[in-house]
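Worksheet for the structure shown next.
In order of appearance the chains are A, B, C, D, E, F, G, H, I and J, and numbering begins at 1 in each one.
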Amino acid sequence: MLFMVRMDVNVPPDFDSDTFEKLKQTEKARAEDLQRSGKWQHLWRIAGQYANISIFDVSDAAELHDILINLPLFPFMSTEVTALCRHPSAIIDD
Amino acid sequence: MLFMVRMDVNVPPDFDSDTFEKLKQTEKARAEDLQRSGKWQHLWRIAGQYANISIFDVSDAAELHDILINLPLFPFMSTEVTALCRHPSAIIDD
Amino acid sequence: MLFMVRMDVNVPPDFDSDTFEKLKQTEKARAEDLQRSGKWQHLWRIAGQYANISIFDVSDAAELHDILINLPLFPFMSTEVTALCRHPSAIIDD
Amino acid sequence: MLFMVRMDVNVPPDFDSDTFEKLKQTEKARAEDLQRSGKWQHLWRIAGQYANISIFDVSDAAELHDILINLPLFPFMSTEVTALCRHPSAIIDD
Amino acid sequence: MLFMVRMDVNVPPDFDSDTFEKLKQTEKARAEDLQRSGKWQHLWRIAGQYANISIFDVSDAAELHDILINLPLFPFMSTEVTALCRHPSAIIDD
Amino acid sequence: MLFMVRMDVNVPPDFDSDTFEKLKQTEKARAEDLQRSGKWQHLWRIAGQYANISIFDVSDAAELHDILINLPLFPFMSTEVTALCRHPSAIIDD
Amino acid sequence: MLFMVRMDVNVPPDFDSDTFEKLKQTEKARAEDLQRSGKWQHLWRIAGQYANISIFDVSDAAELHDILINLPLFPFMSTEVTALCRHPSAIIDD
Amino acid sequence: MLFMVRMDVNVPPDFDSDTFEKLKQTEKARAEDLQRSGKWQHLWRIAGQYANISIFDVSDAAELHDILINLPLFPFMSTEVTALCRHPSAIIDD
Amino acid sequence: MLFMVRMDVNVPPDFDSDTFEKLKQTEKARAEDLQRSGKWQHLWRIAGQYANISIFDVSDAAELHDILINLPLFPFMSTEVTALCRHPSAIIDD
Amino acid sequence: MLFMVRMDVNVPPDFDSDTFEKLKQTEKARAEDLQRSGKWQHLWRIAGQYANISIFDVSDAAELHDILINLPLFPFMSTEVTALCRHPSAIIDD
């Protein structure tokens, strides 16, 4: 099943930058793993914002939730989740 | 360049259904052509709504605009456009 | 998979009331069928509004979409869809 | 009487994690008790967010309020309360 | 049980004024009856708007819903419902 | 003159709880005095939220303002003020 | 007592323009009378919109309501009402 | 003085298209005149929407208002007006 | 040129109250000077909120900006600016 | 390609003012460089707010993103990005 997720990252200006940098590195590694596994299908930066648009292909909402809450930056994120399905005019079934 | 576009279609309940059905058929043909051309990369239905999430790969904003305003259902749509770029953690450059 | 759907019904004040009454009867029959099938698990009226909160148990978002767009009152509705999953503190798995 | 409550939990990123973990454990115990009592009828996680959708069956709004403000995580929550009643097309009276 | 309801009345400018005037008269009679019965406890006009703030004292949400959807002007209204309960600092229990 | 005021109280999770408890006690005493004086006519808790709906009967907006800004919890509140007047269908003039 | 009122006028594009022109003339005459009476103290156009910002000096909210609902263009307006009072730093008491 | 104006054009789907086409032609001529006069400094299309972002250089708000309400499409527009001034880091004074 | 400005003041509950009191005194002196100069024409308190509605008469947007950013409380404010002009039905040109 | 960006700067009232002043100086230098390079075409202050409206002329969304996230004040900003294209009634192609 496909879900579109928009993630906005908000870091308080006085948050310790070393700690955050480490979290970002772990996040990057996790995101790459999940992409290689095929679950995180697309990951795009929203131009001009600390935010992304992602497409997940997971077995159900529980798997999506499990992935998202375990992201190292989840405590700094607000998320918006949209369930997708095939469009009748789509020529491929992605 | 990649753009995400959300399109919501609103049809007044008393709009002539035959006219609308014909517009939908033309829209479908146009959408399929644009997908085959590679410009309309993804087209997903938002579950439970007369709305879609689309990813366009166009040369610039002018080409995107030209595509959208010429869609037969454009007069019934409200649209939301988001410029995307590569994410530093993306493993493929799509 | 569980989805919560909020449906708000908006009827233009000058819409033909006989036509609408017939649509409502068909809608009622369809809703009862879907409840009996187990797919439409809960259907509650929001007090004071022409709106409901529903819980659907479907195989995926595509099945949910198919159910909703075929409701006779769908053209009069605005919908809000929320994907649900099990809560770690829930004592039953519904 | 039935109420739907949406609870969103917001924890400042620099809040002491041990203290919060203890609050979460107490919250979990309380939630399980209230579910066993029949007052907290359903408790679902909203996929991808630190938030839940709950259905309460209480004698009145005062009882609902009393339950919610005594939840250990209430100081971290924003809540949305919707009064529900039986839908004319519902086949069971839950 | 107490509910606060805000009702906003929206009449399309071209709606037949005689028909609307008759609806308003029936609405007034109904509102007065419900106030005499004690169920519609307070009815205030919001200054400068075709809208009111009302306090209802009903046995439950179902009774509130039944009252509201049977108001002659309900098809022209948008409503907002808020469940109230006693405040710990209130000196009377109204 | 009547005003409806909605007050939402927001306390930062790390605010000193003793200090806040004292403010709450003073607030309670002040609210009871104002109710006894007839100026604070109604005070209801909004179910499930740290918020209230109040009706004030004051000589003018200046008196209302003076009352509100002197509430001990005012620095923690966001307020919404609505001027009310008699409704043509109201059977009592409260 | 002072109230600020923002009035936005919305005319459906297909509304009969002669009828509307007459309403506008009556509105203008009424507005001028009310200004001469001292009740409508200020009347400013919001640049670029069919909207105004007005300051009314009336005995109470009932008088304000009576003035506004009797404006010929009231059925085409949405209004926003804000109760004002003297500011401690104001050097004149207007 | 500089103002940024965002104009969104909304045409009811059943509005007579010939009439609208003529209005658009007159609008285009007017817009070109105003640009040549130097008052309408910039006019950009918002990609994917029937909307524009414009920069006006006028003597004051009254002149801006006069220009906007006389646009042939003004009755179909919603507008948003933002007063601009020189930025301390701007290297040119435009 | 006339501008309406709404200023909302937000002070974190734990901000040092002496420092803030001093800023308020300087603000008051500044506001009184600007009123005497004729640039700050009206200054009204919004009833029940730490907010004001002000009317400024300045030569242009740059002068308005210069006044506002130099207010001692500006770092605590959110502002909303509306450009005004003469209304065709206004009987005085203020 | 042209983008309009609105940047709102939010500084916590207790942020160290020396540190911020230095960031502002670096920001100013960077903004001036980018203007000289032709990429940051326009930079206007929004009157009365710590915010600006900017027009960027960049090769694509990636270049825009790269510019924005490297602004020294980016961690304090919220941004809004709008893709622009030529308007059919524009007399120059800027």
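The rule is short, and it goes like this: a residue touches a chain if its C-beta (ideal position, glycine included) is under 8 Å from a C-beta of that chain, and two chains touch if they have at least 3 such contacts.
The chain list, named the UniProt way, goes like this: A, B, C, D, E, F, G, H, I, J = Muconolactone Delta-isomerase.
Computed from a predicted model, the values in this text were never measured in an experiment.
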Of H-J and G-H, pair with higher C-beta contact tally: H-J
Whole-Å separation of chain centres (CA-atom averages), chain E against chain J: 49
Distance from the mean Cα position of chain I to that of chain E, given in whole angstrom: 39
Chain centre separation in whole Å, for chain H relative to chain F (CA means): 45
Rounded Å distance, chain B centre to chain H centre (Cα mean): 26
For chain D, residues contacting two or more additional chains: 2-3, 11, 45-48, 61-62, 64-65, 81, 83-86
Contact pairs between chains, per stated definition: A-B, A-C, A-D, A-J, B-C, B-H, B-J, C-D, C-E, D-E, D-F, E-F, E-G, F-G, F-I, G-H, G-I, H-I, H-J, I-J
Parts of chain I lying in touch with chain F, wherever the complex brings them together: 11, 13-14, 45-50
Parts of chain J lying in touch with chain B, wherever the complex brings them together: 1-3, 60-62, 64-65, 81, 83-86
Complex contacts: residues of chain I adjacent to chain J: 3, 5, 11-12, 15, 61-62, 64-65, 68-69, 75-76, 79, 81
Of chain D, residues touching chain C in the complex: 2, 4, 27-28, 31-32, 35-36, 42-48, 52-53, 55, 82-92, 94
